[in-house]
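After this come two complexes, each holding chain A, first together with chain B and then together with chain C.
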Partner chain A sequence: MKYDINKHQLGKLVGTITGKYQTFAPQEIGGKVVLAEVKTLSNLRLFSRPTVLPFKKILFPDRVEFGKADGTKSIALVGLHVCDVHALHIFLRQFVDSKLVLRRDNILIVASECEPDINCFCEVFGANRLDGFDIYLQKEEGDKYSAYTNSQTGEDILDEIDIISAEEQSNPRPIKHDDDDFEYSLEDTISRRADFEDFWQRIANNCFGCGACTAVCPLCFCFRQEYKNNIDGSSKICLKWDSCFAKGFSEIQNRNDLRPENVDRIYNWYHHKFVRGKRELGRFLCVGCGRCIVACPANLNIKNILSALDEKIERRINGGNKNS
Partner chain B sequence: MKSKDPFEKFKIVKKKEVAPDTFLFTLEGNLNFEPGQFVQVMVPKIGEATFAPCSSPYNKKKFELCIRAVGNTTNQLVEYLPGEEMLVRGPYGKGWPEGALIGQNIVIIAGGMGIVPLRPMIEKLIKYQKEYKNIYILAGCKTPEHLLFSKDFKQWKKKFGYVKIAVEKGASGWDGEVCMIPKIIEKLKIDANKTKILMCGPEVMFGYCNEKLSEKKIADKNIYISFERRMECGIGLCQHCNIGKYLVCKDGPVFRWDIIKPELNK
Partner chain C sequence: MKPYPKKTLGIYSLTCCEGCQFEILKDYDDFSQLLKYYDVRNFRLGQEENLPGPFDVSLVEGTPESKEEYTLLREIRKTSAIVIVIGSCAHLGGIQSERNSLPKKMTLAKDVVSIPEVINTDFIVPGCPISHKELFAFLMDIYWNKVPTLHDLAVCFECRQNENQCLLKEGKPCLGPITRGGCDSICVNGGEACYGCRGATDQADFAKMKEILKPIISDEDSTNMMTIYGDYECEWKRRTDEGK
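On to the complex of A and B.
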């Protein structure tokens, strides 16, 4: 269903959601667009650049105590870009059998139209497909908006708002151009490390190994346990975000580090995203959100690296730029 | 994690120093594990460490953990005394193969602590000995003092006939070999087509041993190796224990050499 709404009704929509759910949305705080709990509507930036950190900071907070949730209400994620919606579903699939990600049931997903920037490349992995949300918001001329529903939950929420009009048959504007051919040789190319040793070494020479990319990536979910011991003798086991670039990540007995060099670590990052992740979850662990490109202090660009590994990706990325 | 508190408490009923800094703990309770699987043991406020139970899988009342003090967690664990409880979760992982071993010669190769996950498997081989051809045990360790389960080795020698132990450095009273494991593999005479190898030990040993085995025309697909990695979750989520595209906790810890060899050093 498509609903036409105005600015006032959009505010009312977010207000209704906030009443029912613990709601998180992009907000401008200190000059940055961050994903934070909605307390007031004035900071909301529903149609913005990507948030600095993705949804994982809500569902999988750093240093959260194992098995403890800091709330009882279901969560609503409002203003997610479509690439993040795809990432969210892959992320939830990774943790489906565990109790590590709490309150993941009945998450209300309200996606919003993004403005593709120079760094993002969701179309390469099909993460521009408009799917997987309850409600999708699209900006129209002036103060008008369209809200598309994709589930009964979404429709029920919009029924509570006085909308201008509704239409049965209507689809949102596509994001970037659509193409269903995702037959890449990426898995094979990345699997053969020995054949590309020089290539990885060149990248590693430029990489600082800081792990900023792993912190901002919606699909980097490596973690370890941390014991928070208090002065009163109590102790909590917490989930600590870990980075495969961190010293000690691949350490075994007797301080024997299995990935001592930066090249081992950066290779492992790509290998997890495009080989191991694909094997485990059936999808590449990259949706092309471009956050790692923005975060990298060494200006490494995953778009260029993937383009160099697969001609088809190169053509697709360049073709996409020409069209837009 | 399976339930809210995945840890089960097991009472220590016996503790024995079996080698320098190495203790054998007997715990009361049924762990219900397959040979080659592993458990996570937690020391509150310190951390967790990974161990393979080393007793017979058919003893449903007690099980044993062999713990060497080599790090923060294990240094604390070896201080535990009988009467105290250990927090254990698991068992996890896929252990030694079953069907593939029937009707075959079995060669056990264990380096140092590598005998630990193999001991339950040897117990299984004893129980179903008629189903296999000959069973050979090759083990190695630093000094005779470091040899774990020396009584068992004597028993296994009686049962299987072929048990060879190599030490890197001999001592007075040692009548076995003084060499590295690959040397005792060299002396093995075996039908390469009807043989399966079960191996565990420090990772550096695998390459040298497998080189000798391939000289004996034993195919990579007939070699099974149990790998050691540091586990955080043990259930395939945290990504610390990967070898290439495989996770040691979920796809292993026992891997066939032909499958895992191309994934090493990735």
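On to the complex of A and C.
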């Protein structure tokens, strides 16, 4: 369903959601736009640039105490971009058998239209497809907005707002160009490391191994257990965000490091995202959000790296779809 | 629950500003908690009566300058089961090691050396100054006979977690990519660059760092930046060569 609403009704919509759920949305706080719990509507930045950290900081906060996560509460994630909605579903699939992360049923997903920027490439992996949300918000001329619903939960919420008009058959504006042909050679190319050793070495030489990319990626979810002995004599176990670039990540007994060189580590990053992830979850662990490009202090660019590995991706990124 | 007796502790200061010792006393509640697990036998700044070793654990800040300090340092090593160097001076040479780059005729003193260049040490608690929380966490691990560990990712990881605007991306210098995190990127959170007070990560790439800084500051400035807290490239070479 499509609902036409104005600015006032948009505020009411978010207000209604905030009344029902613990709600998180991009907000301007201390000069930065970050995803945070909504306390007042005045800081909201629903149609913002991507936040540095994605939803994982809400669903799986750093250093959460083991066993203390509340798996039963319901939350709303408002203002997710479409790529992040795709990432969210993959993320939830990864944790589905654990009690560490909330389930889909406990999350209201309210997506909002993005402005594609120079770093993002969601269309390459089909993560621009408008799908997987309960409500989708689109900005129109002036103070007007459209809200599209994709589930009963979404419709029930819109029923509580007085809307201007509603339409049965109407689809949101597409984001970037849609194309279903995702037959890439990526998985095969990346799995054959020996054939591309020089290539990986060159990338490793340009990478600090700092892990910034893994911190910001919505589909990097590694964590380690941190045993903390507190000064009051108590101790606790925290789940701390980890990264495959950390020494402690690949080091086992007797200081044996399974991935001692940076080339082993950055290769592993790509191998997990584009080979193992695909085999385990059926999707690449990348939705093309571009966060790792913005974050990399060495200016490494995953778009260029993937383009170099697969001609079809190259064409898609650089030539739209006109050549394929 | 206290299945173990208190461990004995000596806290020593060589030449430096003594900021790390003050940090130990910064939160008196935490310090008095520590006293339940450690018997502080020697701490000139904190108490009147100071006893000689042997101790289970000794903390040393500063760099050795005088002959007496060299003797004391070797004595500490001999009489302590575990020696922990605390702070950038002890760990890297500290601000005073700027002296090493002056023309020799301008200074009569010998080069400043960091503590690991003089004696074998067991652990480092880095930072200028240290954080008492990190130090006390180390001491609690040691109390329970657990090997303490330092953060093993660069400052950038925490800086991204804090969602700061990246300084390098804005064309400003920053040493976060090669510096050991664990400080919660406190300097960048406050709008300052990371000057590397915690020393280098194991995988630090100094050549790469200089290359990235080239369009931003002069080579001289980037060398200065990388030696403010002591020559951490030297320290890194020593440490990683030993590891191999």
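Observations
FYI, the second predicted complex is superposed on the first by the 312 of 324 C-alpha atoms of A that agree within 3 Å, B and C clash if a C-alpha of one lies under 4 Å from a C-alpha of the other, contacts with A are read in each partner's own complex, and residues count from 1 in each chain.
Criterion: a residue touches a chain if its C-beta (ideal position, glycine included) is under 8 Å from a C-beta of that chain, and two chains touch if they have at least 3 such contacts.
Fair warning: this is a prediction, and the values are worked out from it, not measured in the lab.
Contacts of A:Pro50 after superposition: neither chain B nor chain C is touched.
Residue contacts after overlaying the shared chain place A:Pro116 against neither chain B nor chain C. With both structures placed on the common chain, the touch criterion links A:Phe208 to chain C but leaves chain B unconnected.
In the superposition on chain A, A:Trp241 makes contact with chain C only, while chain B stays out of contact range.
In the superposed model, A:Asn229 makes contact with both chain B and chain C. After overlaying the two complexes on the shared chain, residue contacts for A:Gly79 are found with neither chain B nor chain C.
In the superposition on chain A, A:Gly126 contacts neither chain B nor chain C. According to the touch criterion, the shared surface of chain A, contacted by chain B in one complex and chain C in the other, consists of residues 227, 229, 235. Only residues 1, 3-5, 44-48, 70-71, 228-230, 232-233, 235-240, 242, 244-247, 265-266 of chain B touch chain A when the two sit together in their complex. Across the complex, chain C meets chain A through its residues 1-2, 30, 33-34, 36-37, 136-137, 140-141, 143-144, 146, 149, 152-157, 159-161, 163-166, 168-169, 174, 176-178, 201-205, 208-209, 212, 243. Interface residues of chain A facing chain B in the complex, by the touch rule stated above, are 66-67, 94-95, 98-100, 191, 193, 221-225, 227, 229, 235, 242, 244, 249-254, 267-268, 271-272, 275-276, 279-280. If you check the complex, the residues on chain A that touch chain C are 32, 34, 51-53, 57, 62, 205-206, 208-212, 214-216, 227-233, 235, 241, 243, 245-248, 255, 262, 294-295, 297-299.
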